[in-house]
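Same chain, two partners: chain A is paired with chain B first, then with chain C.
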Partner chain A sequence: MKKSDNCCVSAALATATCALLGTGPHGAVQAQEEHAWEFDSALLYYGEDKGRVQDISLNVLARRNFLDDKVLSLGLAVDTLTGSTPLGATPLDGPQTVTSPSGKKTYSMPPNEIPLDPSFLDTRVAFTASWEQPFARLNTLNAGISFSDEYDYTHAGVNLTLSRDFNKRNTTASLGLSAARDDWSPVGGTPDPLSPMLDVGDLSNRGPDDSKDIFDVVLGVTQVFSRNLVGQLNYSYSNSSGYLNDPYKILSVVDPVTGDPIPPTPPSGIEGPSHIYLFEGRPDDRTKHSLYGKLKYYLSGKVLDVSYRYMTDDWEIDSHTLDARLRFPLSDRSYLEPHLRYYTQTHADFYRVSLVNGEPLPQYASADYRLGEFDAITAGIKYGWQSRSGHDLSVRLEYYMQDGDAPAEQIVGRQADQDLYPDLDAIIFQFSYSFGL
Partner chain B sequence: MNKKIFATLALAAVGASGCGGMGVEPWERDVLAKEEMQLVTDPLEAGIDDHIYFSKEASSGGRGFGGGGCGCN
Partner chain C sequence: MKPERAVKLQRKSHYWLASFTAMGSPCELLTEESDESLAQKLLHSVSYEAWRIEDKFSRYLRGNIVDRINRSHGVALTVDDETANLLDFAQTLHELSEGRFDITSGVLREAWTFDGSDNVPSRRQVKALVDRIGWDKVCWHRPRLLLRAGMQIDFGGIGKEYAVDRAATIAADISPASSLVNFGGDLVVTRPPSENGGWRIGIETPGIDARQAGRLIRLQRGALATSGDENRYLLKDGVRYGHILDPRTGWPVPSVPRSVTVAADSCTQAGMLTTLAMLKGADAEEFLAEQGVQHWVLR
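Up next, the complex of A and B:
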């Protein structure tokens, strides 16, 4: 082998190795020679229809490549969230009034519409940092921290992933551990689970701030099958314990015959909710298991990327996620990438459309639509190109829709005439720009 | 025809022998080294998607760690 061939082979091998070890998507070795720092940035707009959640998000990921394939990664995300979000209460053919989360005022909702909380307004700042370095020739260690802060929520986490290459670096096995503590400081205090929404000024059912602990384990194998085919298989275990409720979600208490929300009797005479609503109550422990598989196949310049995830948990939610992307080169410097994603989940065993007056109160209940049974589809397209100065740019436009149904056995009386599940349509638009310094 | 059968058998044999028999030689990694062949081509976009779906669905993780980080769920 000629010396120049040797050079090319080693460069290609180093690049492939770095890539397999996940040190970066942009040819880390090549970039190391050119730039000390590499930046990925993205501006995202996520907007739901009917005045629901809108998110404008600025994201930056900076990587510093050091000698011996050591990499420092720093990430920052700032989200500005506005809009309305479903409360969990059922619609009615008359107006409904609820007490705001702060307990200081009330707001009313129009007839025959899914009740929404219009007070959703938040700014989220998230920060991540990780350090990756190889050791003992075939091993890589990645240690990271994460932190995020919202008006009423704080997250702090640590994670560690150990990887080892086998089989001429065609196989990589990894073990990842992550632990996090998330703290809730709900507006007005933490409502007691399944306690009633009270009149304005009455915070007697609100407790102090609460928290949850999350522990994750990910066992993974990546495998090179051929020159054109690489795959990944992960098993994940995740346990959350502590306060797992959404403190702003409620359930309607309905008449066992008509299915209409029940007004309080006698009326208190104080400004407050027009009907009886209870705050949701979820179990204080959840264990999830996931199996995730991915294949990437290269054929004549095109790259097919398909993945599948199966998740099951002890809340009786099972989900399947299928994701496919096909990247077509348009020229040496540009590509087009259509994307399709299909998602389906069963409902949690304590998911309730509403609670029926006169029936025993269940131990746990939530009407949060995200714990209901639904299908979701994402369809989108991404166009990427490289500028003459070598900077990568891309735009993507995607449409996300959720389509769910309330469980037929839970529908009471005139609820059958109402649209009980808050279907969702959203647009995702993202502009990305990557450069080196 | 025989070639096809042989190829299928060879493929099955390689598969049956487990991961130890799969893979490429170091000098065959030209395609695998391409940016678009990395398992995560765009980590920033992957993180954004994880965050969106974590907020709107009851599942998270799989590709990586899935727990916590947002009051949205």
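Up next, the complex of A and C:
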């Protein structure tokens, strides 16, 4: 009885207020608490099938909001990767043996399977910090640094973004610049590009640590078209130069007729690789251009978010990404958001399934499946809710399917009977929790 | 003597800030209107409305309608439409609050002065005053009001929020830009600002240094009102007597929150919900949760 009395108060009060003021309110209240400190945390699991990569990562982002619109952001991420990853060698109907990256031992791989590097285990720690502040009325400046470390790779970067509002703040233009230096210190040293994999104990083709420099420019425009529609268009330029190889990726050298990997002749008698493999060699420069467009449409509580990205680079990889998500409310405090993403790319001009014995060695070659031709579909759903105390929680479950093909003109002899491109399926599960203090 | 009625207009980064004093509170108007002459017009219209309402309904001024009602000595008076609307509203609130909100409760000030002393009135004193309180003892048939001799009315619990809503309506009619009307912490945003995320409003926590804004709320549109304990109390024999009085008993409501802030479509709604929540004492949170409004309670 008492409870229902209370429930009527706000409705009766609204009516009485209308009578008092002689007008209705200007619209429904829209208020949101902003905490001095806001925390976004996420625990992500990414698991590929067939015992391949598993990644568990924990991300925490802390934001300190100051009264004069200045914001300090600090991020920390810890990743643990385990599992195995395709080496680049082609499968064979017999066993194959390769020397481990350290050059200290060998391991063998079963017949008729895509050769994997099973020694893959890594922990990565990443840290970011940025400072944002408005200046000169319509401008915002954001400056940041990033740093990450894993046992054979470190990254250090700086970034700066300047944005300016126009057109009664319905238009925002931004210019972003970033520079990074990434250092490789591969286990056993950096292999010379396109040099052969050697026997155990022979590190004569290993060089010192190497590095690459990355420079990015992003030009963006965000436009508010109406209360319901917001659009964004970005152009980005990215240049990487230096050591762009993956030091652990190799290619098989195959017989021009049978397509089978070729054993070394004569056998050295020392423990070593069962066949001839060359370390990959990529160009030492890569320039990418990409165009990204996004529309966000709000309709009676629902939010539709559609984006498209086109990327092209001078390695002849062209990619298209289409992404769509639709958020619809289940109640005042919860929503469901299905997500669908389609990705397709062409292969790099130096992508090779294998190298053919007797043919001249190309200047560059890589059998890394990430540089091959493939399509990928991600389908998933996210459920989010807000606790009574205003904390946001969400769970996301997605399925990723990557399906590629070796270029037909590169297939030699009995390779046609093998599965040359390592297709992959993965499950992504994420739990996110955001709160303010 | 009236306080000085001066207004001040300053250009800030992307808005105009106008300030003046009315109803004993610092008042502000912030507007994104870029045209200075329109900003001037907004300031003058808003401050004029605040002072008009203060002059008409302040219980401290001689000769206004409240003074005439309070000195009517049991003789019926005919009141104007605006006063009648406020009386109707007060009557509705009296019903909705089961007598906890009562515009005739001001006489309790004769016994209670919350100056931090131990000067707690006697039961007999309070009982005598409670006999002079009660909207149910008032004869109100719009537009005629009959107040018994010895009783008084006071629009102090409604007037400021009403003035904010009136001023905001006037501001919205003058300029299509987003304006924020803030009278002593009770405020309305007329329209969503072009500034991303809304006007940022710091809410002070009573008893804590004002520079350390307790909460930060982004308001796109609508109203925020805050009621606080304001450190007004009496202390006797280890018992704290807060300044929120229950007009049905004449004694302080126990377990009143230190501060209640409510977001609602209009300032009047927000202000009344904070007041009613304070009057619920220990049940303030439960009451607000049942109203389905955004609220922030500090104990």
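In this section, the second predicted complex is superposed on the first by the 403 of 437 C-alpha atoms of A that agree within 3 Å, B and C clash if a C-alpha of one lies under 4 Å from a C-alpha of the other, contacts with A are read in each partner's own complex, and residues count from 1 in each chain.
One rule holds in what follows: a residue touches a chain if its C-beta (ideal position, glycine included) is under 8 Å from a C-beta of that chain, and two chains touch if they have at least 3 such contacts.
Since we're looking at a predicted model, the values are computed, not measured.
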Which of chain B and chain C A:A36 touches, first, second, both or neither: second
Chain B versus chain C as contact partner of A:P111, first or second or both or neither: neither
Chain B versus chain C as contact partner of A:K294, first or second or both or neither: first
Partner chain(s) touched by A:P362 [first = chain B, second = chain C, both, neither]: neither
Touching partner for A:L67 - first (chain B), second (chain C), both, neither: second
First (chain B), second (chain C), both or neither touched by A:P256: neither
Which of chain B and chain C A:R137 touches, first, second, both or neither: second
Contacts of A:N170 with chain B and chain C, given as first, second, both or neither: both
Residue contacts on chain A - larger count, chain B or chain C: B
Which superposed partner A:G51 touches (first chain B, second chain C, both, neither): neither
Footprint overlap on chain A, where chain B in one structure and chain C in the other make contact: 9, 12-13, 16, 19-20, 22, 25-27, 168-170
Residue ranges of chain A in contact with chain C within the complex: 3, 5-10, 12-14, 16-17, 19-23, 25-36, 65, 67, 69, 134, 137-138, 168-170, 388
Partner chain A, residues of chain C touching it in the complex: 13-14, 85-86, 88-89, 92-93, 96-98, 162, 165-166, 168-169, 172, 188, 190-192, 194-198, 200, 202, 213, 215-224, 263-266, 268-269, 272-273, 276, 286-287, 289-294, 296
Contact set on chain B toward chain A in their complex: 19-20, 22-45, 47-48, 51-53, 56-71, 73
In the complex, chain A residues that touch chain B: 9, 12-13, 15-16, 19-20, 22, 24-27, 40-42, 44, 46, 57, 59, 61, 75, 77, 122, 124, 126, 146, 148, 150, 152-153, 155, 157, 159, 166-171, 176, 178, 180, 182, 184, 212, 214-216, 218, 221-228, 230, 232, 234, 236, 238, 240, 246, 288, 290-292, 294, 296, 298, 303, 305, 307, 309, 311, 313, 315, 317, 319, 321, 327, 335, 343, 345, 348, 370-371, 376, 394, 396, 400, 402, 424, 428, 430, 432
